[in-house]
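Here the structure comes first, spelled out in structure tokens, and everything after it is commentary.
When the chains are written out, they are named A, B, C and D in that same order, and each has its own residue count from 1.
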Amino acid sequence: MIPMPNLDVLGFLVLATFAVLCGLSVILQKHAVASALSLVGVMGSLAVLYLMLGAEFLAAVQMIVYAGAIMVLFVFVIMLLNSGSERPAKARYFAYLVGIPSLLAFLGVISFFILKELPNTSSVQFGAFTQGGPAPVGRLLFTQYLLPFEVTSLLVLIAIIGAMVLAKKEID
Amino acid sequence: MDFFLVSLIKIVVVFGAFMTTLAYLQWVERKVLAHIQLRLGPQRVGPHGLLQPLADVIKLATKEGLIPANVNTFFYILAPFLAVSLALISIAVIPFGPEIELFGVRTNLELTSLNIGVLLILAISSVGVYGIALGGWASNNKYSLMGGLRSSAQMISYELPMTIALATPLLVLNTLDLRQIAERQGGGWFWNWTAFSYPPLLFIAFIVFLISAFAETNRVPFDLPEAENELVAGFHTEYSSLAFAGFFMAEYANMVTITCVSTTIFLGGWHPPFPAPYSNFVPTALFWFFGGVLLFHGLTQPARRWDRFTFPAFGVISLGLGAIFLLAATVLPIIGQILLPVFWFVAKVGLLLFLFIWVRGTLPRFRYDQLMRFTWTFLFPVALGCLLLTGLGVALFG
Amino acid sequence: MMLPNAVPVSWYLILSAILFSMGVAGFLIRRNIITVFMCIELMLNAVNLSFVAFSYELKKIDGQLFTFFVMVVAAAEAAVGLAIILTVFRHRMSLEIDDVSSLKN
Amino acid sequence: MTESQSLWLIPILPLIGAALNGLLGRRLPKMAVSAIAILSVLGSFLWVMKCLSALGNLDTPHAEHYFTWIQSGALEIGVDFMVDRLTRIMLLIVTGVGLLIHIYAVGYMDHEEGFSRFFSYLNLFMFFMLTLVLAKNFLLVFVGWEGVGLASYLLIGFYLKEKFAGDAGKKAFIVNRIGDFGFSLAMFLIVITFGSLDFTKVFEAAAKMPVEAHAGILTAIALLLFVGACGKSAQMPLYVWLPDAMAGPTPVSALIHAATMVTAGVYIVARASVIFDRAPIALDVVSYIGLLTAVVAATIGVTQYDIKKVFAYSTVSQLGFMFMACGAKAYSSGIFHVATHAFFKAVLFLGAGSVIHALHGEQDMRNMGGLRSKIPQTFATLCFAWLAISGVPGFSGALSKDEILIAVHGKSEWMFWVGVVTAGITAFYVSRAMFMTFFGEYRGKAHPHESPLSMTGPLWVLALLSAAGGYLMRDLVHSIGPETASHGDHGSLEFIIVAAGLLGIGLAAFMYLMNRGLSQSVAKALGPVYRLVYDKYRVDEFYDAALVRPIQAGSESVLWKGLDVLLIDGVVNGVGRTASAIGGILRRCQGGHVPSYATWIVLGAALVLIGFQLVGGGR
């Protein structure tokens, strides 16, 4: 019998690979719609990863808010403007010569840090952490984090008004 | 391995039933619409056109799948695929009946049990817009694009009142698990159902949910994305063959899913409207009543020649079904525990689906600005008010 | 290849770092404003992942709540940002980030 | 601690009225506006009655704590209300007289624009005044204090279209600022000295301190409080705003600038009597200022022709009397005079208003005369107030004025005599106004008509109160404080005072009834002295030359051209120039090109991280 692969490991590897591929697709696709759909892919795989980390409520919210609302808005705007593919980039030596190496250095140092400073992190098992349901999250949100919650709601209100004001066609 | 086996059986049964429902739902719709308009509807293929769905499938499958010039092929193909697969997922978390014991195996009458089932359904329905928007955009056709944009805007807008209306009963039920939701409404008369608690608040929420459901599934009177007199056929103008069938199926699958959800959350799921010993005989009575009517009509006053044979045949089948339910209710509880809840669930879903078709046969289409104004200035505030008042009610009396 | 039989949380963190770096890279090399904006969302998502991973590691859900707030802020940001992009497009008929450089002087 | 009486309802009701009228008033019919305004004040009057009857004798003050307003270290300031015997009198005056004046104003303001705005302001004033009176600590008093100032400002400038009204409002506001500054300083000193602003704590602590023979901290507090009182109560040298304040509608003059707000100064001095008792120097200052104000204002009153101006100077003068009482430690007599003055001065103003209303806005007494028969009800009610203010025995004014002058006699002989002369002058100028207005021939052009019942009704009530109110309130008032004016036999003194009043009336009758024209020749004979008094001692001109102009000139030459242009602008522009010079160098990095900014950020982040790593990691 084939040894059953550990689903936690397999799941992580599959999802992580998918996420990285989608992420690459986001930054490499020529067309904005393709980038947007790739980003949805990243978000979907992240949602499943959240599920594995025990954040089930957050996973659902990730799908509803990010994939279902924010990205739909992006796709909507892209289609509305229908700007077509990006023109081939002008040579951007500064970004390529300074930015990308610095970025790689940044990534290397961060990874080094993580592995050095956190050598014995607990291993992730699906179902080992069960505090991510709606009830505990809600309880914490409406007690300890009530003020930030209210402030955020105010922020969203302001954003709605701001977006309306900005996007409204000026009547001349 | 029992778990896998049972799951496999359930998947086969549910999937088969679901697909058959989708196919025949379209037949039912055509029939009902025809009768509303005093026509006969499909009649040629099989008795009373009963084989029409099969013929449709063959027709769609054998047609040439056109891919227009200058389209992005990948997205063009992806769109219907996305639409139909997203539409089919949600059925997995709908509970059709209580926990049963069959041959020593205990299992739930649903494919999978999630403790955040409601959220999953919301997530899936919020992602569902991609299929249509993408299809409209990838067709590289301005009518399709307009249809896709309209549907995105419409679905985003109506998702708000729908979500809020869906959140209202959750205040009362205090869980996100669809199975628990259904169970908490059972055991008694129909006023235990959520739609009738805190009257009339939750009933209003139910109505708001239904209206938003019409819009979410792009059905009349909210079928602006496919308004044929303005947009040819909307987002699927360019589609043909199986790709078209994908969109078509997605629409009906969404309809079935959303009626299942409203049945589970608002109308008590599989619970009968009045307590158990008496309600068990309702299906038998109904089937026998219909069987009697069919026999009577077929034998005494057939309207057409072939009715003399078909009506009595249907009548006999109906009588037989009634007998099976009688057995199930009395001497064969092992079947009854499955059949009776499923009967009630299907009956409620069927009624709601009939409502969808009935509305399609009756109401004219909205204008686009009316549609948007309706949701933002009426539906949304009403849903919000319901939510707040119900919250107040739960806080005071709950 | 032998798979390890458990995934440590640090892998999640490294995945988060990789996604973040990809977001930054996209920000640097892309020219379409909307894509650039999406790269910001990618970075936010990467950060969210590390919040959730730390939440698992510490067995406290505060991290998840931060993610929640990040999402809400991202929603607000998307609404306002896209409105700004619409306005910019209306004025300049272009979505090229290089064309929108009048911040100088 | 007795059970809570919900004192907060008393000020809140008018506030609700103000809010309703202010927000919705323009859309409501006048009936509704006046109903809201009157009912809110009536409600608070009835609630006062209910509370007072429930609280009974008030042997100990009744206090209520609602919430902590400010907490800073050990200093805790709450929103606390308190009723004691002093507050009781003030509450009765404010709500009672306020109610009557509201009713009167419905008739008076009937034809004016901004009906709802007027009542909104008036109710707002009631809210602040009641807060001031009920407050249990200095800061809350200050809230009310500033609030009534605001309401007064709004109401003086009520006629938006008239420039002089706005100017008068500003003048009142600015002059009051000087007093408020003193009040704030007094509060700071109190906090420093006693560590609290609560009345109970402050006065308990102050009572334990010795009487200061020389100027000390208590004297300073008392004097600063008195500066505040001078501003609010229009005493020398800050009295100049009150005559101008007559630009507002007449009910306002009656309510705010005669009966209630201007007595806030007397109230605060009486409230802080514990402090004043221990600061004899401050008491002397209070007495002198009061006396000086009384004399100066009375003499100005003799020469004025505008009927409201006459009564305004009369108010200033009477306030001077009240402070004289306080200076002689006869606080209860001062408050007693506040009460009686509220009644008769309200009648005087409201009567004047009725006259003005009857003559369609005419205010100059030279254009009046003979109105006795034309507006008999107004005349009859005004007679009560006239006799009351003149100190004719049997009327309430005589009671309180006698008490004050007897108390002053106990303090110093010469001040008593000056006071008596002033009382005579008071009787003279009020009689003069009465004679010029109601007797002789009618000299005006307008056709006078009697005022409606909503105006004459309150007039009658107040008129009866100015006759009998003194007897009704005497015991209530005297329950306030220590008995200072010894109740001995002062027959001879009382005789002198009454005689002075009657003499004043007689003289006025002689000059304005029997020998018309005599006044002119007297004025001519006095010549420059008369001119000086007629011009109100040219105080306004003096302030203008001594204060306003130098300040303006100084602001222009020093502050604007010197400080602002040279120093501040120089610094600001210099910073700007430096920044733009540096920016000119840095500009090369700033192409307005977003990705390159981002690249810089990434580079920086990478460098910081690497540096961090080199320095020694996360610990």
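Everything below uses one rule, namely that a residue touches a chain if its C-beta (ideal position, glycine included) is under 8 Å from a C-beta of that chain, and two chains touch if they have at least 3 such contacts.
Because the structure is predicted, anything quoted here is derived from the model rather than measured.
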More contacts between chains, A-B or A-D:
A-B
Geometric centre distance via CA averages, subunit D-subunit A, whole Å
66
Could you grab the centroid distance between subunit A and subunit B? Build each centroid from C-alpha atoms only and quote it in angstrom.
32
For subunit B and subunit C, what's the span in angstrom between their mean Cα positions?
37
How many angstrom lie between the centres of subunit B and subunit D, each centre taken as the mean Cα position?
76
Touching two or more other chains in subunit D are residues 595, 598-599, 602
Where subunit B touches two or more other chains at once, by residue number
none
I need the residues of subunit A touching at least two other chains; which ones are they?
57, 61, 69, 73, 80, 92, 95, 99, 103, 106, 110
Per the touch rule above, enumerate the chain pairs that touch, sorted by label.
A-B, A-C, A-D, C-D
Contact set on subunit B toward subunit A in their complex:
72, 75, 115-116, 119-120, 122-127, 129-130, 133-134, 136-137, 145, 148-149, 152-153, 156, 159, 176
For the complex, which residues does subunit C have touching subunit D?
24, 27-29, 36, 97-98, 100-105
Contact set on subunit A toward subunit C in their complex:
5-6, 8-10, 12-13, 16, 19-20, 23-24, 26-27, 32, 35-36, 39, 42-43, 46, 49-50, 53-55, 57-58, 61-62, 65-66, 69-71, 73-74, 77-78, 80-81, 83, 86-87, 89-90, 92, 95-96, 99-100, 103-104, 106-107, 110-111, 114-115, 118-119, 121-125, 129, 131-132, 136-137, 140-141, 145, 148, 152, 155-156, 158-160, 162-164, 166-167, 169
Sort out for me which residues of subunit A touch subunit B in the complex.
31, 33-34, 37, 40, 56-57, 60-61, 63-64, 67-69, 72-73, 75-76, 79-80, 82, 133-134
Once bound in the complex, which stretches of subunit A touch subunit D?
92, 94-95, 98-99, 102-103, 105-106, 109-110, 112-113, 116-117
